[in-house]
Structures are given as structure tokens and as C-alpha cells.
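We call the chains A, B, C and D, going by the order they appear; numbering starts again at 1 in every chain.
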Amino acid sequence: MAETGNTRAIVAPELQTSGWLNTPQPLTLAALKGKVVVLHTFQIFCPGCVQVGIPQAQRIYQEFDPNRVAVIGLHTVFEHHPVMGPDALEVFVHEYRLRFPIGIDKYDGQPQGVPLTMRAYQMQGTPTLILIDKNGYIRLHKFGHVSDLTVGFSIGALLSEETDESARVPEVGSNAENAACNADGCSV
Amino acid sequence: MAETGNTRAIVAPELQTSGWLNTPQPLTLAALKGKVVVLHTFQIFCPGCVQVGIPQAQRIYQEFDPNRVAVIGLHTVFEHHPVMGPDALEVFVHEYRLRFPIGIDKYDGQPQGVPLTMRAYQMQGTPTLILIDKNGYIRLHKFGHVSDLTVGFSIGALLSEETDESARVPEVGSNAENAACNADGCSV
Amino acid sequence: MAETGNTRAIVAPELQTSGWLNTPQPLTLAALKGKVVVLHTFQIFCPGCVQVGIPQAQRIYQEFDPNRVAVIGLHTVFEHHPVMGPDALEVFVHEYRLRFPIGIDKYDGQPQGVPLTMRAYQMQGTPTLILIDKNGYIRLHKFGHVSDLTVGFSIGALLSEETDESARVPEVGSNAENAACNADGCSV
Amino acid sequence: MAETGNTRAIVAPELQTSGWLNTPQPLTLAALKGKVVVLHTFQIFCPGCVQVGIPQAQRIYQEFDPNRVAVIGLHTVFEHHPVMGPDALEVFVHEYRLRFPIGIDKYDGQPQGVPLTMRAYQMQGTPTLILIDKNGYIRLHKFGHVSDLTVGFSIGALLSEETDESARVPEVGSNAENAACNADGCSV
């Protein structure tokens, strides 16, 4: 599952949203610095999201300390826009009893249909799981399913890292000591 | 799932075995220093072991780099000794296609039936999962089932730690920064 | 799981629909006489339907001969009408790759929200599974989950019955020979 | 899943056993005439039996009326005889909390290792599921896994049949009305 090809960690682009559920005010990655961020992107009519991704996000939200690990859902609608609006999302979140904050990826009406955050991260589809370290760098970016072992491992490795805004981001290949990259769970 | 009550990490007692499968020579914890050790104890007629614990051990063995994470099975027979001998274990391992090294916990024939390693670790039963850090200290000790998220997290946290034979073992409570202890996955 | 309290089989009320998917023309129970009908009612934002009921309906559709067993889905929207319209249903059916005919239960805009067929059958909610025998009588009516063993058993028992339009419908209690009623799967 | 190739129902050979568990006295098919018999054959070190077949047999035993459906386990050891003796079976049955009657297929020590009942039925391996109708004829004989839908269907169809010792056994092909043979669940 190792993400390969990148030789340099990428700063996670800020979320661009048009609304939020399960949070009194919009979340920003900037304000979450110091926490490990688990960003789970999905669509409400995507079977792999509903049957595998969403339940995994719920387990992560239930097992980890919210003061150290921020689980965020992001509704990245890139098809069938008319039936996946905020009102449908709200019903879905209510019926599935989701409790973690969920943002709505901003859509500018472009014909290709892909919303802004999804475009900024160059996601391939849904579900996509993204792990962001305490310093705001993308450390795992995976389209499709990721095993609980790998997600847990990656969170454990990222939590163990020092927080240091000025820290040089390690380059893969030159840094065999980077635990997050050795069990195929962390990219870059 | 946090293991509580201990205030000091315990050095993992050496394995006491009467035989091994899937390894050309007996394994010792002493020789595994520098690796994180996943010790999965089981009995071949224990339903929770066969249906949950053994499949998890197989997943760990398949997902992690054996140079950094050593998965070891330990057949800790504490009941029904006559039908769980080495020949039965061998058939079980063959039929279930297990590939990781499996030791046989040494039994001295005492009437209470508990073998030596199981006694030294004060295990409550099977399955029991034990995680040992690179310096040889027990960091998780759990009877029953542990989620893949927690096991993965704990391995990730332990792999991230420095190897240092002379390192003072942190005491729980005085060390709020110890990542391995904060998502209920690692004890000390 | 035995359905109790009824002492007389009920003729299955005709379906009242406002549209259909996966069929060139509307289906009627009248035209399905001679087949066993498996009517699976659901809503697209009902977790129990999406995770358990719909997959079971798909298995039934795949395992049984469509010339003898008619699997029909019925979208019985009784809440959140604005986001569960025909366009949303169509996206759902497309994304989940459902192939069996699915009707849309007709809704007359009454404030309590329950559509016409759902009202006629006095269903309690979704998912509801209804089995109708070759002569058009309701023989199982169950809200919630029904095991595959019970569904399979009931279909087997109903298929074995003679088709006879003039047949007297057996009363439960007076008819110990009625196989469909003895393994807790079929009501009358 | 249809069993094909046979053109004539076969009378189920009598069980040949060397012992029984969970029953005060040995069972015979002769004495079970009038009931549908579910014969589940297994070995205690066969993963497919332990993880799939045995749990299915337990579900059948729990869901159906024992006065109409007899669930019988048969330990058909054809390999590793020394470690799968009666004492090991007894521990297995105790630990897995199995409650249905389990016979031990009689072994005459022949070098090829196959016990007598297994040989008489020409079974290919374990798990094998065999359904015997009320008149004592084999109606389903399947090596490997059978879905709950199919097992349930077949039991439902067989229960619906009349008991008649003198009944002519239907030939497949000439009897399109035989419900037990049309949903791919019943052979012969």
C-alpha cells in the first residue's frame, strides 16, 4: 500500500467548504496544527464509502482521543450533484448516526463536477483517506480501502513524532529511520 | 482497552519452550532486541483464538516488515494436554497454513496445568496478545480481543521509539507525552 | 420469528406505484400469480436496508430462478421525502448495481408521510420483507432482519405448494401439516 | 449449485459409527424416517469446517424444529488419524459448545485412511453437506460451502413433501414439478 513516486512531503491544502455538520463552527487545518488529522472523503451514494469507509471512520473516531486525533469527514461530490446536496447529506448523517465533524467540499459549478478541495488534493475518487501530520503535511493519501492495521499503525507513528513548525520535512529514500513509511502505511 | 494499574514497565521474561515450528532454530527475545515483538498466545481448540486471534496474527505477519516487527505464536496449553501435543499443533499449523514462527510453551507437568512462559507472564488465558518494545519491555498485555486499529496503532508507536538499552523506562502518569499510552493501546 | 396473532391468510393488496426501475413496464401482483413473490421494501437512507436488506435481496435474486421466484424492491419513503425522490433512487440503484425490478410506492402527500402500498400492508417500517404465495396470499410479513435460512426455507416451502386459485387458505393452528408455518418462517 | 449427472435418487446408506457425542444412544437413519436429515460431515482441523460449516450447522440446529429436522454431525477423519481421535473430538465439541448429536465415522484402519460412511457416500472431502428426505433418499450432496439460502430452501422443499415409504422416487428431468430440484439446491 506504500504511496510511492513522491520524493517530498506536501503541505496539506486548506479545506474549502460550503458548510459543516456536527460542529458549531467551520474547521480549518490551520487550527488543527498539533493534532494528527484523519480526513475521510466520501459520497453518500458510494457503496464502498457507505459499507467500508464510513464504518472505519466511525471506529477511528470512537477509539482515539479527539484531543490528539481529529477525524473529519468531507463530502466530496463529483457526480450526481442534484441528489447529493446538503439536505440529503444531513439526512444521511442523521440516519447513520455519525458524530464526527463533516464538511461539504465547495463546488463552483464547473462542468467536470469536481469540487475545490478534491481538486486541490488531486484525489482520484471516493473513498479517499488522507492522513495529515501535526505539522500539516500530507503523510498518507489513499484512494480505496486501507486496512485498520495500516491506519492504526500510521496514526501511531504520526502521533509519536515531535511537533515542530520549523522541522525539515524528511525526504523519502534519504530517511530510512522514518517509521511512518516502513509498513506501507505512510506516503511521502 | 488501556492497561492500567502498573506503574513501571516490566522486562519481558524470556520464552521457555519445548519446541518450535516454522523456524530453523529456536527464537529468543534476547536475540530479537531492536525489533517490536508481537507475541500471540493461543490453544488449537480455543474458538476465540482460531476464529479471531490467529487470523489477526496472520494479518500482522502479512502487513509488516519482518525486519522490524517479529510476529511469534506461542502455544500455551493449560488444559486438555493429552490432545494438544506437538503432533496436533503441527497438523493445525499445516492445515491453517500458518507461516510465522510458533513456539511450544514448556510444560513441567504441574497439576494446575499452566506452562512456564504463561506462568511467568501471569497470563489469564487464551488468546492473549503481548507487545514487547525494542528494548525488551512489555508494553501491551491483553487477554481477549484487541481491535486491528489498536494493534496497528501500538506497533506504529513502538516502532517510532528510539532503541536504547540504557534508556530509563518511563513511568505511566509521569509521562503524559508517551504516545504509546494515549489511545488505549499501550500499557506500561 | 413466527408471525402470530393472525388466524387467516390475507390477500396481498395490489402494489400502488408511481414509477419503476429495472423493468420495461410496471409490475402487478395480479400478473405474478403462479410465482412466489419476494417483496423487499426499503429506503435509500435506511442503514439496515442498505447494509443488510438490500444485499439479501440481491442474493435471493441471484440464487433463484426468476421464472418461479419474483424478487421485487419497493421504495417506501415515509420520511425525508424531498431527498428521496425518483432521481435519488435512480442514482442509488445505479451505484449499487441493483438489477431486480424496483417500484416506487405511491405517495399522496398526506402529512403523516406514509405511502399507499406501505399503508395498505400496515408495514411498521423499513426494511420489511413480505413473501406472497403463488395464489397471492401474504405468507410472511417481517419488519427488520430475517435470516437467510428462514427466507430460503420459506421460499422452498411456498414453491412446493400447489397453485390453486380456488384453494381454501389454511388457517394457522388447524393445519399442522402446513410446512410453511413450522420453522417460524411463514405467517398466515 | 445444482448436483447433476444422477438420474435416480439414491437411498442414503446407513451410518457406520464407532461412537457418539451429545446423544444418549447411537442414531440410525432408519429410526429418523419421517424427518428431514441434515448430515454435516467435518474434521476438527479442517479450517473450512471450523470457520464456515460448523457455524452453519449450529444455525440450522437453532432455527429448525428438531421434531421435523434432524441435524447430525459426522466426524469423518480421513487424514491425521492419530491427532483426531475421540478424545480430541470431545474437547473440540466441548470448547465450541456444540449441542447437536455427532457421530464418529467408523475407521477400519485401511491404509488410504477413509472411514466407512464417508466411503459408502463417496464423499470428496470435508466439509460435505448431505440432505436426506423423509423417505431416506439423498437429495443434496455437496462438498464445500452451500449458502444458507440454498440450505434453507432445500429444507423447506423437503419438509413439504409427503412421507410415503412406497412412493416412487422421482427421476430428475422427467419431473419438472419437483420443487426440491429447481433452485439448484437439491440433487437427484
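Note that in this section contacts are C-beta pairs under 8 Å (C-beta built on N, C-alpha and C of every residue); 3 or more make two chains touch, one makes a residue touch a chain.
Model, not experiment: these values are computed from the prediction.
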{"item": "Other chains in touch with both chain B and chain C", "value": "A, D"}
{"item": "Chain whose average C-alpha position is farthest from chain D's own", "value": "A"}
{"item": "Copy pair chain A, chain B: interface residue numbering same or different (half cut)", "value": "same"}
{"item": "Length of the line joining the C-alpha centres of chain B and chain D, rounded to whole Å", "value": "40"}
{"item": "Centre-to-centre distance between chain D and chain C (centres being mean Cα positions), rounded to whole Å", "value": "32"}
{"item": "All chain pairs that touch each other", "value": "A-B, A-C, B-D, C-D"}
{"item": "Touch list for chain B against partner chain A, complex", "value": "59-60, 63-65, 68-69, 147-161, 179-180, 182-185"}
{"item": "Interface residues, chain D side, partner chain B - complex", "value": "44-47, 50-51, 80, 82-85, 87-88, 91-92, 95-96"}
